[in-house]
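Each chain carries a letter (A, B, C, D and E) given by its place in the written order, and its residues are counted from 1.
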Amino acid sequence: MNNVPTLDDFGHDPLWITIIKAVAIFVFLMLGVLFGVWSERKLISRMQHRYGPNRAGKFGLLQSVADGLKMGLKEDIMPRTVDKVIYFLAPVILAVPAFLAFSVVPFGPMVSMFGHKTPLQLTDLPVAVLLVLATASIGVYGIVLAGWGSRSPYAMLGGLRSAAQVVSYEIAMGLSFVAVFLQAGTLSTSEIVSAQAQGGTWDVFGLSIPMPSWYVFSLLPSFAIYAVTMLGETNRVPFDLPEGEGELVGGFFTEYSSSLKFAIFMLAEYVNVFTVSAMAITLFFGGWRAPWPISLWDGANAGWWPMLWFFLKLAIVFACFVWIRATLPRVRYDQLMAFGWKVLIPVNLAWIMIAATFKAMRMPDTTRGVVLAIGAVILIGAFAIWLRFDTVNQRRREAKAAQIEAEFEQLREEPSAGGFPVPPLDLPHYHGVVPEQARRHADAKEVTSGSN
Amino acid sequence: MNGTIPAPTIEYGMLAPMLVVFGAAILGVLVEAFAPRYLRSAIHLPITLLSLLISFVLIVWQWVEGVPTKAAAMGAIAVDGPAMFIWGTILVLAFVSVLLIKDEGHFVGAAAAVPGSVEEEQALYEGAAHTEVYPLVLFAVGGMMLFPAANDLLIAFVGLEVMSLPLYLLCGLARRRRLLSQEAAMKYFLLGAFSSAFFLYGTAMIYGYANSLDLAKIGATLGAVGGQDMLLYIGGAMIGVGLLFKIGAAPFQAWKPDVYQGAPTPITALMASGTLIAAFGALLRVFWVALGGLDWNWRPVFYGVAILTMLGGAIFAITQTDIKRMLAYSSIAHGGFLLIGVIATGSAPAQNTSALSGILFYLVAYGFTTVGAFAVVTMVRDAGGEAWHLSRWAGLGKRSPLLAGVFAFFLLAFAGIPLTSGFFGKYAVFQAAVTGGALPLVIVGAVASAVAAFFYVRVIVLMFFSDPAADGPSVVLPSRGTAAVVGLAALATVVLGVFPQPVLDLAHSAAQSLFVR
Amino acid sequence: MQLYVPILVLAVLAAGFAVFSVSIAPFTGPKRWNRAKLDAYECGIDPTPQPVGGGRFPLKYMITAMLFIVFDIEIIFLYPWAVAFDKLGLFGLVEMVLFIVTVLVAYAYVWRRRGLDWD
Amino acid sequence: MTTHYLVLSALLFAIGGVGVLVRRNAIVVFMCVELMLNACNLAFVTFARQNGSLDGQVIAFFVMIVAAAEVVIGLAIIVTIFRTRRSASVDDASLLKH
Amino acid sequence: MPWLSTLMGVSVLGALGVTLIRNDKLAKQFTLLVSLIVLALTVTMAVQFSPNGDQWQFQENHSWIPAFGVNYSLAVDGIALVLILLSVILVPIVVLASWHDAEKGRRSVRTYFSLILVLEAMMIGVFAATDVFLFYVFFEAMLIPMYFMIGSYGGPQRAYASVKFLLYSLFGGLLMLVAVIALYSIAGKNTFMLSDLIGTIQDVNTQKWLFLGFFVAFAIKAPLWPFHTWLPDAAAQAPAGAAVLLVGVLDKVGTFGMMRFCLQLFPDAAAYFTPLVIVLAVIGVIYGAIVAIGQTDMMRLIAYTSVSHFGLITLGVFAMTKGNPGAQDAGTGATLYMVNHGFSTGALFLIVGFLIYRRGSKFIPDYGGVQKVAPILAGTFLVAGLSSLSLPGLSTFVSEFMVLAGAYRLHVPATVIATMGVILAAIYILWMYQRTMNGPTAESVKTLPDLNAREKWVVAPLVALLLVFGFYPKPLLDVINPAVKDTLSSVSVTADQAAAASGVKEGK
């Protein structure tokens, strides 16, 4: 298997090969976005019994190009109030890291490129996955700054929400990787892929049952969590709260209403989707390795073929994104946060400990008793805490429901409302505009927006 | 990346005293999370006190079993004689402080509520109390134990922070005079973080020089590595700045009065005793074990710092009109006296032992007295809380002779009058210094003591020889805890002043083995 | 270092593209001045005057940020541990259990103190 | 090669230190402190590289944690003060003067 | 039987007992009783003292703080014995004299008497300590009860006076502490026992520095010019009883300390500094007298006379140095002077105290012709005054003469000048007497009552002692002489030389 790259194989490319690879990735991503937008619209239309774009080009294939051109030719609006530098930089900060994450995604094994043996991957690092996480984190700055620099309530709230959401889900995402590293023993993407080449065997009653090699099988909980966090990280439905049209107009890019700046936001979002998909493939679906029936063919994992498998997998994962978008409604923000913090993280931690315990049990020189004891303690502890939490939460929910009920009850008795709950009518205006009545009282206090 | 990592060993038994405290702190957090509000303080108090007690018992047990001679946890933590002595002292003082803390009314119910706001009123109405105080105190105590025992600069840094961070918070939790308290917390925090950054940068430089953070290894490389002395000097100096800040030595003393004044008084008591002790332990360890070979460089600096601290503390204290600020400056001055002991170290082990045991004894004596003094401060109250202004203390001797008498006694102990613990503390340090050849410093120390005596005596004059104001503060009936604290502190001050021998012996045998290298 | 050069190349490419797109935007489109168009968009009403410095926002977000820091730190420790798990063996498992339990204590505290609730 | 990093770290540390001393906004002061801590981290990592030991990198982890804890506590304190005073200026916090 | 500890123990227990008694009157009686018991015990002990036996008698020696080499070590020689006697005699008198002093309604009466008893214990301890460290402990600890006595029960400026007193003494004490520590570490004997430390410091230069450390403390305490400024304030503000103890006993610790520690431990340094000290002492004699003449406040006046007298005592002490043939006389005289001064100044303070208590004013111009309305008061006042100016036939004369005679052998000019002090003494005493007692009776003192029974009981013993020792000082001299001889031997002047050289043998 000398065509499988290891970390030592990286860093020897001459600059021109590097440039070729980088340009290829860049072009791939740009085309991918164009194609992705089209395919998303097309797919979702089909799911909704519509045709979708079908005017520009065959099957509407050029629709994305047309859209892009249109955006380029629209007026570039820069509202008066914005912080110009930040407003200008935010899309850049958002977009660049999105591209960078792809530099460590393995597309294939070692290939010969113009006589040079080189891996089909831009580069790899001992800490490659950290790079992905790091770029994702930097992307948050773009979102926050876009919201902040816009100096408008919607953008601001959108930015904050988005930032809070992304960081929350980033924890769950980071945790979901741990089990993978535990299994693979490395953070390098190419090595994780090669670790998924061969599944272990499970020795039961003298039989050697081969285990599936992809981590999606052996580490299913991790993948499940990752799948959820993928959606959260990329602000996709059902977690597209930051740009929830219903409540926040455009969210953090409300003020980027047209022109290429908006296009960059779009681009970044799609590239991010590709990135998380690529990571999913790399970490859980065997990367560029051919799926099972094909993998029986020896040549499947050599040469340029793996790129094909990779693209296929990417397409499927992306299609799943679209499928989810077409299926699920948007969640409420508090539900979103609660899900991230109260479910994903503890479950994740518990799973990590269980996985580690399993692993420890399989290590040659450990006392199984101790490990089992630890495992039992973990499980019982987790369960006990969970029970306690559950009852408490239940009680709290009931109390809250009762309280709301009581409020309604009280309002119903108010004669003026005619049985309907009516908000108090003398509230100061939300945006700090003092109502006429209050203005007459000299001591009335103006309340600015966003004050809590 | 390749090569095996030998699994580290951790001597849980040796670290048990510390682990108990941290464990109890964590348990306390769980209590905060799960116990119903009305039960919390009833659960916290036994946990806190018991853990301190158990920890203390463990130390005694370990002491009896024999002091370890090797650093624990792969050389990261040294549980040696001095460390155990310091641990014991800190635990006892923390125990006493917790008795003070337990009194209702020192801590705010809802720290985040704006003073005078509806939330605050509601919190008061509900009788909310910050029971988080207990776990925070335990964390701080754990840090205080870790800091002086750290045999590794990184652990020292972690210990420093674990000790400081809860204290930053605790400082801001006073129920009365909220703004003052919050301001104290902020100042303490900003300056404390600033100083720990210095400590850390110093650590980085030393790491660059010695390629190790282990104190003993650093000590061994002094002089062995050539050409990078600059790193060493900068590193040593910066570490010194960080440590001296925690001690409150001049010129890094600015935070002390503000923080001592603003913090809730029981916390001030804890800080004034525990933090000082821990910081001195760490200072001694770092500068003997790691930088001992550099003493030609740091000794003159410490000389100056000690003089500045003693005189500065004593002289500034004279101008104070606030009892807590005055005690803070007094604590600065005492820090200076203790620094004399640090300088008293020499090349001979016997000399080091006597200096170290002197410092240890001084710390015990000062710790008890200072906790007692702050306990008294909590009991003298005005309508708006504790009466801090000195003028309010006028004639207290008439109003409440016993309390004033005890306080006067503490003040005399601070002043170092014979037959109080303070005298022997000062004596032990001075004696070590004279033997170590630092006679001029001792003379300055004597002069500073005389100056310091002036402001202690002034308070006595005020309490006993002035007529009480008509609307003077009232002395609250102490709770059992507070009474116990004052009684214990007074007892310790007397006993250590009349029969210091047992504690001296203990300190001596603790210092006998010096620091583990 | 060699390993990072390709990333730099890609970064330059991406940044070049992004900056180019953003800065070309004002020149490609038309320019029609309209007062209302240059106001911040608030669904048609007069825009809210923003206080200097961006104004204040709910503390809730800060709590989230702090929690994020805490857990991110946890992850920092989990990664090296996971990678070196084979070498650390049982010791690693025990220590990590202790560590995670400790973090979970803080987590439980925050949960019970409604730090995770969003309402 | 590593000298440059050390100089950079010293520079950052100095900037942070000066910032703490001259800036008046508590948050900015606080951020300057964080800058100082990160300067330390840079120094640690540089030395780790220079001395060929991994310790420095591990230390950087610890420092990050401590810095994080400091952030959490510091922000809590500053925000509380801000809520009561509507100002984060260090100068406004002057009740505790002699 | 551990006599000395018993004495101290009885006093301390008595002090505790006083605080427990709820009734003021009972407390006073109890205090008186305790002080009389102590007196009785001391007298019993003194009787058992054999003047020609060991230098140190009634020894007690227990290890106190081995870590510092400190012993709880008590013993008396003749010098210490007479000073202890002085103290325990004065205490009951003071208690009786202060019967109503603390009753001005401000402070607790019991505390006052309790403090007196505590002070008594400390006074016994400080004279009996044969361990330098122990001496220092008592030396410093003594300040506190006196501080509270002045501060709580004194005159209008009591706070100022008490703080001044405390800080001066404390400052001196701290310098002494440094010297004590240095002595310990330089001697390197791991002990503070005086007997072990004598002669260990050979280096003259070291001796000089250590001497200065001790001397300044004692000079402040004594008080020697120019360290005396606290005394007039303290004595004038203190209640009469406290003033008696302060000037009568506490200040003696200074001169006692010079004799016992400065001379014995650092003989060479003492010899070196003798001229300087004697100059200071002589200045003190003259200065104190002159300033006393100018005083209108009677308490201050007496305080300044004490400055003058202490000059003489110091002269005597420092005449005990190497090479003075009159050393023995000077030393004995100085010791005797300490005792006598205690009685005479004590009497003076007490009587003036009675006067002031009656009239409510300290100022001489407020009085006049008291003799006519209160003859007994005036009479005792005269006797006390005359003893202060060393009239022959009163005990002070003996001691003053011995001091001057002893000093004259070596320090002629100084002695001559110091003798002038006697003349000045006549001026201030007689002039004060004339202004207050003689002349036309002032309007305000017309109704002044004479001494009552209690006050007579107070004054009588003192006057009696002054007279008895004036004519028959032998018992005291017998006790003191061997002790001084022993002390001199440590100062490297052999007793034989001293005895042979001493021509005049007064009182023998």
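The rule is short, and it goes like this: a contact is a pair of C-beta atoms (placed from the backbone, for glycine too) under 8 Å apart; a residue touches a chain by one contact, two chains touch by 3 or more.
Predicted model, so just to flag it, every value in this text is computed and none were measured.
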Point to revise | Length of the shortest touching-chain route, chain B through to chain E | key: 1
Practice item. Please flag the chain sitting at the greatest distance from chain A, going by CA centroids. Key: E
**Study point:** Contact-richer chain pair [C-D vs B-D]
**Key:** B-D
Exercise for review: List the centre-to-centre spacing of chain C and chain D in whole Å, with centres computed as mean CA coordinates.
Suggested key: 20
**Study point:** Euclidean distance of C-alpha centroids - chain A vs chain D, Å
**Key:** 31
Review point. If you average the CA atoms of chain A and of chain E, how many Å lie between those two points?
Key: 92
Revision key, fill the gap. When centres are defined as mean Cα positions, the distance from chain B to chain D in whole Å is 24
Review point. Out of chain B, which residues touch more than one other chain, so two or more?
Key: 34
Revision key, fill the gap. Where chain A touches two or more other chains at once, the residues are none
Study note, to complete from the structure: Residue numbers in chain C touching two or more further chains are 59, 72, 84, 89-90, 108, 111-112
Practice item. Write out the stretch or stretches of chain C touching chain B in their complex. Key: 84, 87-92, 102, 105-106, 108-109, 111-113
**Study point:** Interface residues, chain B side, partner chain D - complex
**Key:** 111-112, 114-115, 154, 157-158, 161, 165, 168-169, 172, 178-180, 182-187, 189-190, 193-194, 196-198, 200-201, 203-205, 207-208, 211-213, 257-258, 261-262, 319-320, 325
Review point. Can you list the chain A residues touching chain C in their complex?
Key: 10-13, 15, 18-19, 21-23, 25-26, 72-82, 88, 91-92, 95-96, 98-100, 102-104, 122-125, 130-131, 148, 150-157, 160, 163-164, 167-168, 170-171, 174-175, 177-179, 181-182, 185-187, 249, 254-255, 257-261, 263-264, 333-334, 337-338, 341-342, 345-346, 349, 352-353, 356-357, 359-360, 363, 365-367, 370-371, 374, 377-378, 381, 385, 389, 392, 431-432, 448-452
Exercise for review: Note which residues of chain C are touching chain A in the complex, please.
Suggested key: 2-7, 9-11, 13-15, 17-19, 21-26, 28-32, 37-43, 45, 47-51, 54-59, 61, 64-65, 67-68, 71-72, 75, 78-79, 82-86, 89-90, 93-94, 96-97, 100-101, 103-104, 107-108, 111-112, 116-119
Check your understanding: What residues of chain B sit close enough to touch chain E in their complex?
Key -> 357, 397-398, 401, 412, 415-419, 423-424, 427-428, 430-431, 434-435, 439, 442-443, 446-447, 449-450, 453-454, 457-458, 460-461, 464-466, 500-501, 504-505, 508
